[in-house]
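Below are two complexes that have subunit A in common, paired first with subunit B and then with subunit C.
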Partner chain A sequence: MTNGPDELRPARLLIVRGMTIMAAESVPVGVRAPKMRKTLLGYVPIVSPFYDYHPVTRLAMYIFFGVAPVFIDLPEVNVVLLLITIGLLLWGKVDLRRLRIYLPLIATVAMFMFTMVFIFPGQDPSYTPIRIGPATIYYQPVFFTFASYWRLMAMLFGTILYFSTNRERDMLVALRAIRLPFIASYVVGLSIRAAGMFMEDFRTIREAEQARGLDTSAMKLSDQAKLYMMYLIPLFSIALRRADEISNALFARGYTLTGQVEGGGRRSDYILNQYQMTTKDWGWIVIFMALFVAAAVAQYGFGLFRLVNSPLNIYLRSLLGIP
Partner chain B sequence: MAAVTSSMNTVWDVEPGESRKPGIVHVVMLALFTGIGIVVGTFGSLAVPLGFVSAFWPGQAVQSIGAIWFGWWGGIAAALFPLISNSLSGSAPLPVSIMYLPGNLLQGMVAAWAFRYFKTDPSLKTQKDWWVWIIFGAVLPNLIGAAWGSTTLVAFGLVQQAAQFTTFLGWFIGNTIPTVILGSLVLKFVSPLVVKTKAFCKGLWA
Partner chain C sequence: MTIAVAIKDLEWKYENTTQFALRKVNLEISENTFLGIVGANEQGKTTLVSCIKGLIPHSFNGVYRGSVEVFGQAVKETSGLHLAREVGLVFADPEAQFTAMTVEEELVFGLENVGYDINKIRERLEWAAEVTQIGNLLDKSPYDISGGQKQRVAIACVLAMDPRIVIMDEPTSMIDPLGKQFIFDILRKLKEEGNRTIIVVEHNIEQLAPLSDQLALIHEGQIVKVAPPDEFFADPQSLIAQGVYPPEVAIFAGWLHSQGYLPDASPIPRDLAEAVAAAQTALKMGSG
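Up next is the complex of A and B:
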């Protein structure tokens, strides 16, 4: 038996960390296998070395990369963290082209921040004016804005790294593993799932209207805006009906408001059994938490990451003759 | 002849013999409304971004509406969903979103409290209903939210103190206009359905 171009090779199922992944062999010959899968939170790679780590490890990584830059004023350090994050995205086999949706935001944030500091530099008499043609900018607030921008970018990419390498199931596992109360992790899980259902319903309503001959491209922008707003009415109605159905289903299965098991006892958690912590997970969690605490202590205890210690700031001040 | 007395029953009045208490349906509604807010908030943040503020953020309408219909359950959803929608859209990192929490909670609960205190019909039937909605559902929550949010941005060094008022103004306008338009539509047409459901909260919890 030979495989023709239209025959599918048998699919190989991989079970990695409780995730069933369809391997690339299930696509026809000559067709490029998809590398990314769409989730409710974004696109995640189908295969990634990140999946060898427990979701709690990835959460700890997020806490470090997504939050620690709050403690760091030095733009040099934040740029390094940013580059490390981009490196991790590449190592994790994330398709960076999918991140293009963030480009407008990255650009507008920069424009917003620097425009604001140009128009509203502040009134501090110690600020050093720098004339650039007809315009005057002030060094201290501009450098502060520059540093703040890179801190923001470091945190943003830390968040992008997390959502690009974790499915909603992984988020849920991480929350359950850190012993978040069942009711809280249930709410988070259902919220994320509801967001996906909401988008699906929206798509269905739009397709139904298009099947009835609605041509949105021929409509004025204001009419399109009104149309989108009107979609929310059936969507809210669907949500109400769904709430009834889900709550009846939960009640029928014995779930209570508190999430406690009737009669006491520990709730069995099937999903957690699919993920095992290994030594390297514990190692990395300790490293990330230690780095996080170290960053906080270094900044608030010793002022290590303050702007006055920035080599670039020191260099520019010497160049401009600012004491 | 017996004196004729009239007592107007509002949707907020508990009927004789009626027993209302929090249940699973409220938790489910909290989760579903958080999901709705995630989608609406993410769309708004990505639609017309102006740096940290959006020129069009209909998420605040979801905050007010959710709290009006479902009391504290809607208020909790109002506080929670921006944590995720801000992360998904990249409009605010997690630490900033966490600091936004009190502002977001108030953006929902001000309307919840006002509608119950003034016995305002969520279907916006009378002129008084409309005034309460616009003042306590749109204007006041966004004044609070914009003040809190712009102060948070200054505290994190993302905006200069001197630019705080401009940021506040952009935030307020970008939130209030979609709230008035979108929120009015949804309250007018969907409230008659909601008030008949068991998820609807006559009090703040049930």
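Up next is the complex of A and C:
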């Protein structure tokens, strides 16, 4: 049998904790080896020390860095968490230039939040007005927004860290490893896939329109909004067709909702079987979960992370003479 | 010889349509033979293989009459899980059958469903990856590979499950000529192994005919002809009238027959080598 037309040359594979990594040798001569690879939700490094850890450990880390800021009002702590997250991204060999795609989001959120608090500060007699030229802002809502922004940023970077160091497969393995029913993890997988496909279909439709001379930059904002609404029609029909195809594919491959195999018994999980938990994994899981619980208890039990305890808040209040 | 597929008086009409997509179809396919199905578009080829696979009536609504049996079991009464072990279907659009995040997961998904243990899964995975030469794609997303690679992955997914009947619905419709050749190489290898019933729906008759033990022509929802390739192409004009363009070599041989340059009993060539032999015979007859 001949080689297929699609190979450049045989690739050498590395197996790291069940994650097969395409080595640089598989890249054609003269082409720089890629450091990152595309996933349905972004990019992950081809080689990363994170891959030495079980997906469940990485999920536990995400729960701490991505969710724990919910309990923490103090901007100082959230900024520290954010800096640690950036340090982990660097340690994990994530190409930070790839994260530029999030800059518009970071800027837009800031713009939206601070504009809102400026225009609609709310009404409370205890608010302290501060005059800046002709404008008046109120200290309490502005500082609350400032703290909330850093909380959001800490959560966003925790999420970015997770999606930049875990492929979809790792996410599913983590869910299955914590005994989430197969059907549930499978639905999560299909949803991730659907999101990626939806974006791809959207891009295809846009390109097809541009190929036929549509110039959105010359359109009014209202017309652009109408155009986006019109995209929904083909996108939904494609989504429905894909749902039908997936349903047929699942039938064709013998999938049953019960996850039972013929004659009873549970289905094997080949992919999960390729990952093994180590003592190191257990250790980190315990640490992250303990930190997560500690953060919750510190906030709701002792109010440790409330804004009144913020050194920056205390300093600014004393500066502005706010009791 | 054991009958792998027995179709009796099969009729099928999709929900919300006015005409039957299949009409009084009768067909028997012997075990471990290679059947090529040809026909113009919208004549019922995909519907027929969907009936064999059990997608019809299990996953589609409509009017179903007659019966389809796979190794003696009525498809209508058999569970999808059992059918998955017996019949594998490669869809025309390979992406339509992908449900997983990586090629490796895609391959093992079906194997997990039918209840293989980890060792058996590994064994089948390695075998299928080798046959279709996708070992270097296992870690990739099935959506980020080329059309030819997608089709090979789709075939590997089905072969890995080791079904007794392998159906491929236009497996080369979305790929380049070299990719097509590679798919036919896989089909040739499967045929040489001789332990599977293979059913292939394909427009590329030039390459399908040499592999096929039988060719079936579907026209307007009916099977109008089932015959070995040399008989199948005996009347090229009737095939053309039904929307199927026979191989150039068959048309050439047909012309030689019509002009009396070939004896009536001589077989219709299926490929270039057989056509050269037929031409040499014609030259001898002409000079004699």
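In the analysis below, the second predicted complex is superposed on the first by the 238 of 323 C-alpha atoms of A that agree within 3 Å, B and C clash if a C-alpha of one lies under 4 Å from a C-alpha of the other, contacts with A are read in each partner's own complex, and residues count from 1 in each chain.
As a convention for this text, a residue touches a chain if its C-beta (ideal position, glycine included) is under 8 Å from a C-beta of that chain, and two chains touch if they have at least 3 such contacts.
Everything numeric here is computed off the predicted structure, so don't read it as measured data.
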Going by the contact rule set out at the top, does A:47 touch subunit B (first), subunit C (second), both, or neither? neither
Which of subunit B and subunit C A:250 touches, first, second, both or neither: both
Tell me the contact category for A:197 with respect to subunit B and subunit C: first, second, both or neither. both
I'd like to know which partner A:104 touches here: subunit B for first, subunit C for second, both or neither. first
In the overlay, work out which of subunit B or subunit C sits against more residues of subunit A. B
Tell me which partner A:39 touches in the superposition: subunit B (first), subunit C (second), both or neither. second
Pick one for A:271: touches subunit B only (first), subunit C only (second), both, or neither. second
Identify the partner contact of A:172: answer first if only subunit B is touched, second if only subunit C is, both if each is, neither if none is. second
Output check: A:304 vs subunit B and subunit C. Expected answer is one of first, second, both, neither. What do you get? neither
Which parts of subunit A are touched by subunit B and by subunit C alike? 189-190, 192-193, 196-197, 246-247, 250-251, 255-256
The answer for subunit B against subunit A in the complex is residues 22-36, 38-40, 46, 49-52, 58, 80-81, 84, 87-91, 93-95, 156-163, 166-167, 181-182, 185-186, 189-190, 193-194, 197-199
Can you check the complex and tell me which residues of subunit A touch subunit C? 1-7, 10-11, 13, 19-22, 26, 38-40, 167-169, 172, 189-190, 192-193, 196-197, 200, 245-256, 261-263, 265, 267-271, 273
In the complex with subunit B, residue positions of subunit A that touch it: 41-42, 66-67, 69-70, 73, 101-102, 104-106, 108-109, 111-113, 116-117, 119-123, 141, 144-145, 147-148, 151-152, 155-156, 158-160, 163, 183, 186-199, 202, 229-230, 232-233, 235-237, 239-240, 242-244, 246-247, 250-251, 255-257
Touching residues of subunit C toward subunit A in the complex: what are they? 53-55, 58-59, 79-85, 88-89, 91, 93, 96-102, 104-105, 108-118, 121-122, 125, 131, 133, 135-136, 138-141, 143-146, 148-149, 152, 157, 161, 176, 178-179, 181-182, 185-186, 189
